[in-house]
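Please go over the structures that come below.
One chain, chain A, appears in both complexes that follow, with chain B as partner in the first and chain C in the second.
Up next, the complex of A and B:
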């Protein structure tokens, strides 16, 4: 037996027989989770790695060279994509940024003020309102989207930016998270003290509670940003003018045209690669000062 | 009590309602009203008189349960429901099984590269379902896929992944790939919330990490497992984006592959919003019955175990 194992086992020796076998056994087991997690990571990264490499290939290289061998056509693909129908691709990207950015901002504003109210006040109907808002999470998008379209059509709002923006402002999950964060981050005695000093309720919220809730609100914003950026069904139903399409819908129409024309494959692949970049970059940047765990409502006391 | 104090307490009383006003208005306009409208439409139909020409020839009338009986006896809708049920039976257990497994492994001691693998497995969450389906769709295409390249070099048979039984696996794989990371984070977060003292006793008793995982960790995260299951059922029954995106790549995905796709086709392809509304209501009810049925069953089991 090595001296290392002996030394490690020494403190336990005499109290519990058999612990000398402990350390090597545990070390062997730690190998299994590490390898399994790496396999999981490989599985999750594979399509992303593929699209990164495939986007560098020219049309002929795509079908002739080995899949994971980089090609030489990235700049050409990029300019082809930018030239496609006078740069409609970048219009889609801009639209997605607008829908997701503005939508998430408004959604975070509504969520924060609602979550704060639900967490800090005791009032009649509090749980009833909370439960009704939460029930929105359970509503299948389909039972909402079709009548939303018909109702917005009567208001002459379909096929407009508003038709995609407005239905996504209220996020039941965002309200739920905001309530948790507000309850954890805003102490009742601070609110009470401000009230004693004569601050009105709106001032207490904007000046005192809101800054305390910021870390949680970053999560609400990111969650809603991803939800809107990734949404397909709503714009698919609402929009027909492709100048207003978000990137998901734009890529879908490109796929519809390109599926039978291999010449369009390189456009699609490059477009898919660029569409993945913003959110991945966002998460990598945010990762430095923000924890993924907040997404499931974890609050550190 | 002075009048200013009374006014202030009045302000405090009114404040929460004022704060909740934007959410309430949005809820009324974009949740309650559309649901009510869908239910209303589901009991209506268009009656055409004469040749259907001229104003007044097409009239909206009360249909009773006609749209519902039509929908329930519609074999296309039933087949779509069966397809999605089969798809869900693959997606939900595999996705949540992997999520739980990865969460437990991230939580185990002495695991290496945990921050990297955690982020990598979570990464697909940031990728839109349409783009995910597009990426995998290309990976399923023999012309460009690395899998077929390898199979070809090895001289192995090359199955058509976009047809018949493999199509279910191909679609399920996209959902598993996209959903495992988020669920892993939810489960991992609740694992992290378990205080370390809980394990100490078990460790002193000589329990192996596997025993600790099975006997202590999994039971303690049961509530978040139930929750992830609940939301996965809802999301799976609503599947729309992935099969819709794969449709241009294969003839095996029909316009009515999933019930949701059929609602879309009936509402916008066929212009029959009444039939579509009735189907949407049925799908919503079926989803709620299945998801809440699961929740009740899970709670009942928990109570029984607690009583034991």
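Up next, the complex of A and C:
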């Protein structure tokens, strides 16, 4: 209480009240969020820095030298990793790219069509479908993995590329996001105008609505790509052939070599570092699509 | 895809050329299982280099018997048990699985493993009794063939023991005295640490003391985690931690590696596979370590526990159980197979005949200073106490990590943690529907 009173009293004491005291006060307020954000950034980046630095250390340096001192073994680690079981690591990387790339693409396609339909058309049961989807958003995909395995086992699809791709195609969150985005970005007037001009519904969607939805769909694609890339449990349950493993599962086999065999830490860390790079690259490339958001918009009001 | 095609091609070619002889050979030994034509088996294993060992089979005895085995490399641990059980639920478990000894009761109680006593009974003589007993679960059935074992031993820094004038402890009392003596001479050093992050270590120590954690009488299970033997072990380590005679930091962390590498910790209670771990954890101290038998509870005793080890089992989902059992027996008893396993995978074989041949005639590189490493190891392995695993070892292990981890950190009562472990294990068994005798 007293300190507050003091601070309030201070301007009155100055010769030019308000102007002199204003800016420092504002700066003091901004300090807290800045520090909080910096701490947050540090919290996120420190482990990444650790992985980057640790991946440069050779086996003997890994645990014996100072944590943030770069080592000398990066190229060696890289060639060891590539040589491990005839380069199975790159096979895992390729598999992950396939699962995440194709999976996210298909998922985005499904999400865009369904999201658009839910946003533009009024039909019986629309809200019911949407509510079920919302419930799906709340359902963690982890608990679906085992039922999905048992289902696909009946169709004899387990241990195949399809078994990992199929369950990831329908993303409730993607549909939800697409609907919200389509409702906001595709004005009913534009759809109406296109209908007046004689375009059929499919043409309206592909030629008019889809381009308007691109920034939203990029987000859906990115989310889904990251989700599939990082997914562990679904491929873990579905796949038994390690040549079909995605990178997450592959790295796990490097870690869990059996109680009697030490984990291949140097390979694992180098592998983890390389596995992050595609995601970083993807974010950097895709970022530009988000700025489109500001420029797009067909109806001037 | 091309792989399977090629395999089929090879298989049919073999069928044409060797068909008659192979069938004639089979006819005498097999008891008329529906084993006509080539058989293809899948094998889930985490052992590194297993594909190369299996190649020997596929090119040798497997080719003759038209049994082709395909390795599907997995990650080890409890997660694999879950994965096998999930696959079994869908009827899609592989023909052969690698399973740690303590996972066998879980798999058997879920009806996932086939009884292969008929096919592998001959192999019994090739294993120490305490090892073989783990695959029978005390019944007439045989659920797996032992592959590798981890008899426990005492590892110490020979040079530092000399420097501090310490004697290698032969009993646990001496072990405690050694820890105290070291603390007196070099307060910043520790003999070793008590770590709660690998339950197998504690289970092995309890096993050495004569504990039987799970037993059956009639239809009922009896859980003896909180028995007198285990209490003795828990109290021993708890007291050492409490008085500060040993460290209480977990192992397998970078800090632990560093402590071993710099000589801050100068001994480790471990198992036969320790050289591999030490090679990566403490590379700078190569050649400075030595191995001795585990300290005993009384001077007249000579027993050890086991930490780690696994077996090869045939699943009930397999369409070719006989062929699978044949492979499992070959893998773990055949000379060439065991030599290859030692060379490619670095495992310590369960088969007693293999423990002194091939790769085990010379000491591991890290222990080049101890010429009789493997002769000593084989003698120790023979003294392995029998173990008694139950259907929910994973639950007991998880509670161990939590309860003992906290107790070690707070230097609090270990026997209370043991009680928690017992209670949680019993509660889980009851929840799963097992009859548990109090």
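As a convention for this text, the second predicted complex is superposed on the first by the 257 of 301 C-alpha atoms of A that agree within 3 Å, B and C clash if a C-alpha of one lies under 4 Å from a C-alpha of the other, contacts with A are read in each partner's own complex, and residues count from 1 in each chain.
The definition used in the following text is that contacts are C-beta pairs under 8 Å (C-beta built on N, C-alpha and C of every residue); 3 or more make two chains touch, one makes a residue touch a chain.
Quick caveat, the model's predicted, so the values are computed rather than measured.
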Overlay on chain A: chain C relative to chain B, clash or fit: clash
Which superposed partner A:59 touches (first chain B, second chain C, both, neither): second
When both partners are placed on the shared chain, which of chain B and chain C touches more of chain A: B
Which of chain B and chain C A:33 touches, first, second, both or neither: first
First (chain B), second (chain C), both or neither touched by A:146: both
Contacts of A:242 with chain B and chain C, given as first, second, both or neither: second
Partner chain in contact with A:72 - chain B first, chain C second, else both or neither: neither
Touched partner set for A:82, first chain B, second chain C, both or neither: neither
Touching partner for A:206 - first (chain B), second (chain C), both, neither: neither
First, second, both or neither for A:230, with chain B first and chain C second: first
Contacts of A:252 with chain B and chain C, given as first, second, both or neither: both
Superposition clash, chain C versus chain B, among 146-154, 200-208, 254-262 or 380-388: 254-262
Residues of chain A that lie at the interface with chain B and also at the interface with chain C: 62-63, 67, 146, 150, 236-237, 249, 252, 255-256, 258-260, 262, 265
In the complex, chain B residues that touch chain A: 8, 11-13, 15-20, 22-24, 26-27, 29-31, 33-35, 37-38, 41, 98, 101-102, 104-106, 108-114, 116-132, 134-139, 143-146, 149, 177, 180-182, 185-186, 188-190, 192-193, 204, 206, 208-210, 224, 234, 237-238, 240-241, 244-245, 248-249, 260, 263-264, 267-268, 273, 276-277, 280-281, 283-284, 287-288, 291
In the complex, chain C residues that touch chain A: 42, 44, 46-48, 51, 72-77, 79, 83, 86-87, 89-92, 94, 100, 148, 150, 198, 200, 254, 257-258, 261-262, 271, 273, 276-277, 279-281, 283-284, 307-310, 345-348
Contact set on chain A toward chain C in their complex: 59-60, 62-64, 67, 85, 146, 149-150, 153-154, 158, 236-237, 240-242, 249, 252-253, 255-262, 265
Residues of chain A that touch chain B when the two form their complex: 16, 18-19, 25-27, 29-30, 32-34, 36-38, 40-41, 43-48, 50-51, 54, 62-63, 66-68, 110-111, 113-114, 116-118, 121, 123, 126, 129, 132-133, 136, 138-144, 146-148, 150-151, 166-167, 169-170, 175, 195, 200-202, 205, 226, 229-230, 232-233, 236-237, 247-249, 251-252, 255-256, 258-260, 262, 265, 268-269, 272, 275-276, 279-280, 282-284, 287, 292-293, 295-298
